[in-house]
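The following pair of complexes shares a single chain, subunit A, combined with subunit B in the former and subunit C in the latter.
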Partner chain A sequence: MNSLTRFWTDQEVYIMKVFLPIIIGFLVLFMGLLVIFALSIWWRHYRLWHLGKEENRSDQGATRLKTLLAVTFGHIRFWKELYPGTMHFLIFWGAILIFLGKIVRLFSYPVGLTNPPQDIFKYASFVSEVGGLLVIIGGCMAIYRRYIVRPSRLETKPTNTLIYSWGAVLLMTGYFVKGYRIAIIGSGVVPDWLSWAPVSYFISRFFLILPTEPLNELLVWHRVLIHALPAFLFFAYVFITRTPLQHFFLSPINVYFHNLKSKGVLLPIPNFEEAETFGVKEISELTWKQLLDLEACTNCGRCQDVCPAHLSQKPLSPRRMTQNLKDHLRREGPKLLATPQDQRQPEAIMEKTVNEDELWACTACMACEEACPVYVEQIIRNIDLRRYLVLVETKYSSEVRLTLKNLEKNNNPWGASRGTRAEWAKDLGVKSFAEVENPEFLFWVGCCGSFDARNQKVATSMVKILQASGIRFGILGNEEGCCGDPARRIGNEYLFQTTAEANIGIMKGYGVKKILTLCPHCFHILKNEYPQLGGDFQVFHHTQFLMELIASGRLKLTKPINKVITYHDSCYLGRANQIFEAPRKILNSIPGLKLVEMERHRQRSFCCGAGGGRMWMEEHIGTRINQMRTDQAIATEAELIGTACPYCLTMLFDGIKEKGKAETMAAYDLSELVDQSM
Partner chain B sequence: MESSLRPVAIVVEVIILMGVIYSLFLGVKLSALDFGLEEKYQRFIDWVFMIMGCLALVFFVAHLITFYPRLFS
Partner chain C sequence: MKIAVCIKQVPDTEAEIKWDTPKGTLKRDGMNPVINAFDEFALEEALLTREKCDGDIVAITMGSEKANDVLRSALALTVNEVHRCTDDAFAGSDTYATASVLAAALKKIGNVDVVFCGKQSTDGNTGVVGAEVAAILGWSPLTYVSKVRQIDAANKKIVVERAIEGGIEVTEAKLPAVVSVIKGINEPRLPNLMGIKKAAKVQIPQWNADDLGVDKGKVGAAGSSTRVVEIAVAPPRGAGEILKGELEDVANIVTDRLIDMKVIK
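After this line comes the complex of A and B, so read on.
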């Protein structure tokens, strides 16, 4: 028999009459499918993103590409959870290997690689076999998790079941096809297909009960109707419909365009004076990147599992909000595109898609953004929605109204008289910045350190440390205003900008260069957001400063504190600004102090509940977040909770009292502990 | 001598074929919904595909029993 009509296991499979026409037809149709795919990306995705506002995310291409490759091929953001990370890694790399092996074998016949099988053909065969095994293992892990374990964060829809069933059919029939081929040559195997195709070889042993001629027939039918056609239709389904599997291109695009700045940095409203509207009312007022975020979300639910609001039974689920906004975009977007701009009447987002309770529940802690494997950004979007409610509809609670009023009138959220801002320092020998000769730092005390009784002790400790270290510093006293964090996070961008501009004017007037802050919120906003309004200063948090003092020997800690302490990472110190080591080095420098970590620490730290303006709002729904965090601290059996944030200190201090643990546990700022140890 | 594995082989083939049919039908339904078919037609489509699936099952079983190769021990 002419060897050209035989395939790699030497069987007759009607190569010219059936095999080649099928392959050529498949390739031609596949090319057509790719064109339809490209058109579908443009028509069903790109046009929708283009509804959004402009935003520059094209800078630093090399950095973006590196991150894209690391996340896509190394899965670096997936390994934060071992089981789903492993499962996805196996499925991803298994699919890649199947594809690579298949491409080689698809084009092997015309270049003479198949009969007898050349090395590259055998290697390609082995690669596909291994790939299939990896997908089977990963797929079984995924099915077990989704259908047996059923974690609450996973939403199972018919499309998920379809992907598993279709994938299983393709894998099984793929191995069957190879099994038939191996079986055709009988019980003798040349070359050693046990090594090159172990799974197919195993299956082929069952087919030895079939005579050769029917085996040929079954092979052709299986390959064409039961494997190739469903495979082609599977590609068509994935390319054309908006199935979750489209994350294979949507998520990498989102990873490429992810935010390269520090987390939690809000942007000003451009041209505030001339702007006709503020914040986001309807879907096209989001930026194109925010719209892409909605489509790139894979509905994995990692954000939900770390969200303190969700875990404390508030109505907010970051996953649900993003998915609802995606549905909104897909529903309203085509209508907007079909309507001339001046005739559009878009549906509002609030109340129809997002309700006020879930929006106000957000503490802007960024745990969702930290957990997301594909860099979906939620905080800026949430604040944009708040801006519309606050600045346009003036829809907010009476607590928020009071806070904003206090900030406007008295430049602090408590409404205490401005003239009393420096009262805490009157007996400490602290000078104003203007009085100090060649000052090294402006000590930015913040509203908590100035007005809150508990945090005034922290400010006092810090002053003692600075004086003992011989640092030349001053405070602004009554000229210091609120940094603007509560106003900005609540959504009152106008109040933030007027407050911040006033502060910047005062600091520039005094020639301030370096600022030392007590509070991570002040630190974050002065360092990362004041430059947007022309305020460029070198800003340090007191933990960075204390670490330097200790490391340089200017500060000696000699008195032991023989206690076990656990450290609470504040969101705006840790996650937002990546300051994790400085506080720990301080604690490790204090003699006698033993540090134990809570389960959720560093990047995975659990919010105290005060961020996002929630320090000034009561929790009316569910469990109190600060109590949950206190429980986590209690579980470590530590005697002390250390923190470096006045909000966190207040919340944990209250949490200890509420849990009835005041006799056995206490919360301290790190500066207080350093003061005690000096 | 004819193998007693023929029914087993036929059952395996039927399972694979019904897996293909289920996937194709569900894929068509979900694609239609994605392209704008209203939710109110979903039940009707489910019934149509269920009936077609049953017909396909009967056809496959009959066809395979009649035409599947005789197996030898």
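After this line comes the complex of A and C, so read on.
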């Protein structure tokens, strides 16, 4: 028998005589572990989630599956950050390869693929070894990042350190075992070692210095104590405790059930008439999906790193709020499950788990949802918590109280007399919608365009453009009411509903079909949320409209504006409705204008700070968000900031003044620039 | 403890004001009716008092059917009982006539310990009804109240702070009292949604002149002892004149002008 055949025969003898019982024992116990795991999913997770309310997320299975596969295997979204993305990709795929290889080799013994070794056996072995290397590289990247770089968003608990240490031990001992097995044969250099054991062969050479008998013993004991047992215990740890590694099954489930609708779309309260309570007070009033979100969060902190409230030192961290709610669920959930429904006395979320400053700091900018690799949803949950405070406890600041009162009395958050809503247009020859023959659009001006001095100029520019292009349009004038965005985002769903239903009634009464909006908040709500109340209209934002006008040649831009401009992507135009190109095309059509981008642009744009009803609240804590964004614009050295939203315009206009740059910088709405150029 | 609140529905001051000059009254239709802003402070004070001392709150108003809205707002804030005083005979009442109707209502409610009302209404702005109600009933009149320090129904005592020119006056008085409150005494809460929904379903009870035992001859436009004879919109103020120069000279010019205008002698 040549040395190669002897090598494989001897390997097989050792496997069969020495290790088979251990392997069988491991497998049997592992099956038991899997059963316990399955039960624990039901007992510890499924039951908790179903404390929550119903929600249908089972539609469009094919789309959901595609996203799940893309996220799990392609790691989409992880790659938004190169280092962590690569690191996780290596660890994940390395682990998959290790297991694939192991399973193939395990089942090749009984079917005689091992002696002489079939190609599949060798490939499997090679794949495992490469997998192990990938995990080591990824793991080292992770350890370096977590323990040496220490980014602020990463919370390191003992369980993290335990997992890294344990993983390192398992990887090392895995290679060592193979090394011993190869060494013990003592048959010299196996010619094709590179094709199936690149790493362990290398290691085996070091063990050759030990004499045969001790090496034998080492092999036996090592296999049992130092590799098989720790491996088994590691699986037990992952399946039975609440280690963050449990994200391996919790996060994919969450990805499957993710939100297929546009971001930032809030949901109505289903039944105002019969409802006994509104919003969310305690944990079981969230939906099962919102509870799943809490458990799927991997504590990675990407949301925290993009949250404008957090970055401006407000007490809000989306990561921490989610983790605190998760702890609350795990604490209160079992208590609730153990009590009959009519005797339950759940702890209110706002009592200890979330505080009011955190909750009101949110600008509903959706950056957290955009950044999350496992699709955790936060906006709807935050507004649900606000709804309880506003509708049931009437607990909010005096600024919010004033805004809600203004909206109720005067149908605009400014508190200006509703009779003066159309004053801005009185000398512009603008007709009311009813008077226009065969109108193409209703021009929905919005509360800012109607009442705010700076934004009235934008509305005026828009009117000039519409008139110059011969568009037949009208406005609702004093019959236009607030679109309802401030009310809805503050959490007063009742006020939103009554306002919106009134608006819908008026528009339907006039036979409105197409609406042109000035403001992305009006745009978002009229387009995506009014249908919930029966208002189905075709809604356009003025940037889409202007782009069409320019592209079709109906509007010619001839006067140059020789300046450098940076464009600020509004949250409700960009992240919520994916409108990124239209404004840029408009800017590129203006002769002389040079566009530079801020670092955080398009999907990663940084909120101006006015969303979530915060336009109507002062910032009392930390840095001002609008000043942070203005700083980002100043960093581009642009002379102009282009905006497409009245809130953003106000915030950046103020920011420029507050930063003392009013001499060298100016903020304009895109329609004003088009007006100047035509 | 029984707490009463008098509230009035008035046109929204933000709305455009239209006068019926010959009649000397406001053209009220088409004007957004709201609860008198000062009465919101009164309502809130009543709610705060009830939280401290336990008891019931009764809100009353004198007004037409639309005035039911202000009573509903009060119910939405968890006021216990409401009544609307209404009768054709009441139309056009002056302040004293109104006060006599409200006083009759308060007598009918009975056992009232304290009445809260706003210091004035934003339409008439006369600011006397509260004091008149107290005078008619012989109860302690406490006006311009900026804070209620203490209220003791058992010992029939109330201590308040009144905002007077140049300072604060602390007054102790016997209950029952009519307390008219100023802006800023508290921060009026907004009703919660459950409150609004429940209030929407309530049937608001009415009292007419007979129910109240009010002499129809002494109320209404005919029965009022005062009458608006003329209303006029103030002419727009002309531009002022700016005097420049040395302080002595300017002072002399100013005093000369004031003497010419017969403002000083």
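FYI, the second predicted complex is superposed on the first by the 657 of 678 C-alpha atoms of A that agree within 3 Å, B and C clash if a C-alpha of one lies under 4 Å from a C-alpha of the other, contacts with A are read in each partner's own complex, and residues count from 1 in each chain.
As a working rule, a contact is a pair of C-beta atoms (placed from the backbone, for glycine too) under 8 Å apart; a residue touches a chain by one contact, two chains touch by 3 or more.
Everything numeric in this text was worked out from a predicted model, so none of it was measured.
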| item | value |
| --- | --- |
| Fit-or-clash call for subunit B and subunit C when the two complexes are aligned on subunit A | fit |
| Touched partner set for A:Lys409, first subunit B, second subunit C, both or neither | second |
| Partner chain(s) touched by A:Trp166 [first = subunit B, second = subunit C, both, neither] | first |
| Per-residue contact with subunit A, leading partner among subunit C and subunit B | B |
| Partner chain in contact with A:Phe278 - subunit B first, subunit C second, else both or neither | second |
| Partner chain in contact with A:Thr623 - subunit B first, subunit C second, else both or neither | neither |
| Touching partner for A:Thr394 - first (subunit B), second (subunit C), both, neither | second |
| First (subunit B), second (subunit C), both or neither touched by A:Thr72 | neither |
| Which of subunit B and subunit C A:Tyr494 touches, first, second, both or neither | second |
| Vertex subunit A; arms to subunit B and subunit C (CA centroids, nearest 10 degrees) | 120 |
| Distance of closest approach, subunit C and subunit B, by C-alpha atoms in Å | 40 |
| Subunit A residues touching subunit B - in the complex, by the definition given at the top | 158-159, 161-162, 165-166, 168-169, 172-173, 176, 209-211, 213-214, 217-218, 226, 230, 233-234, 237, 240-243 |
| Complex contact set, residues of subunit C against subunit A | 12, 14-16, 32, 34, 187, 189-194, 196-197 |
| Subunit B - residues contacting subunit A, complex | 3, 5, 9, 16-17, 19-20, 22-24, 26-27, 30-31, 34-35, 69-73 |
| Residue ranges of subunit A touching subunit C (in the complex, touch as defined) | 272-273, 276-278, 391-394, 398, 401, 404-405, 409-410, 415-419, 494 |
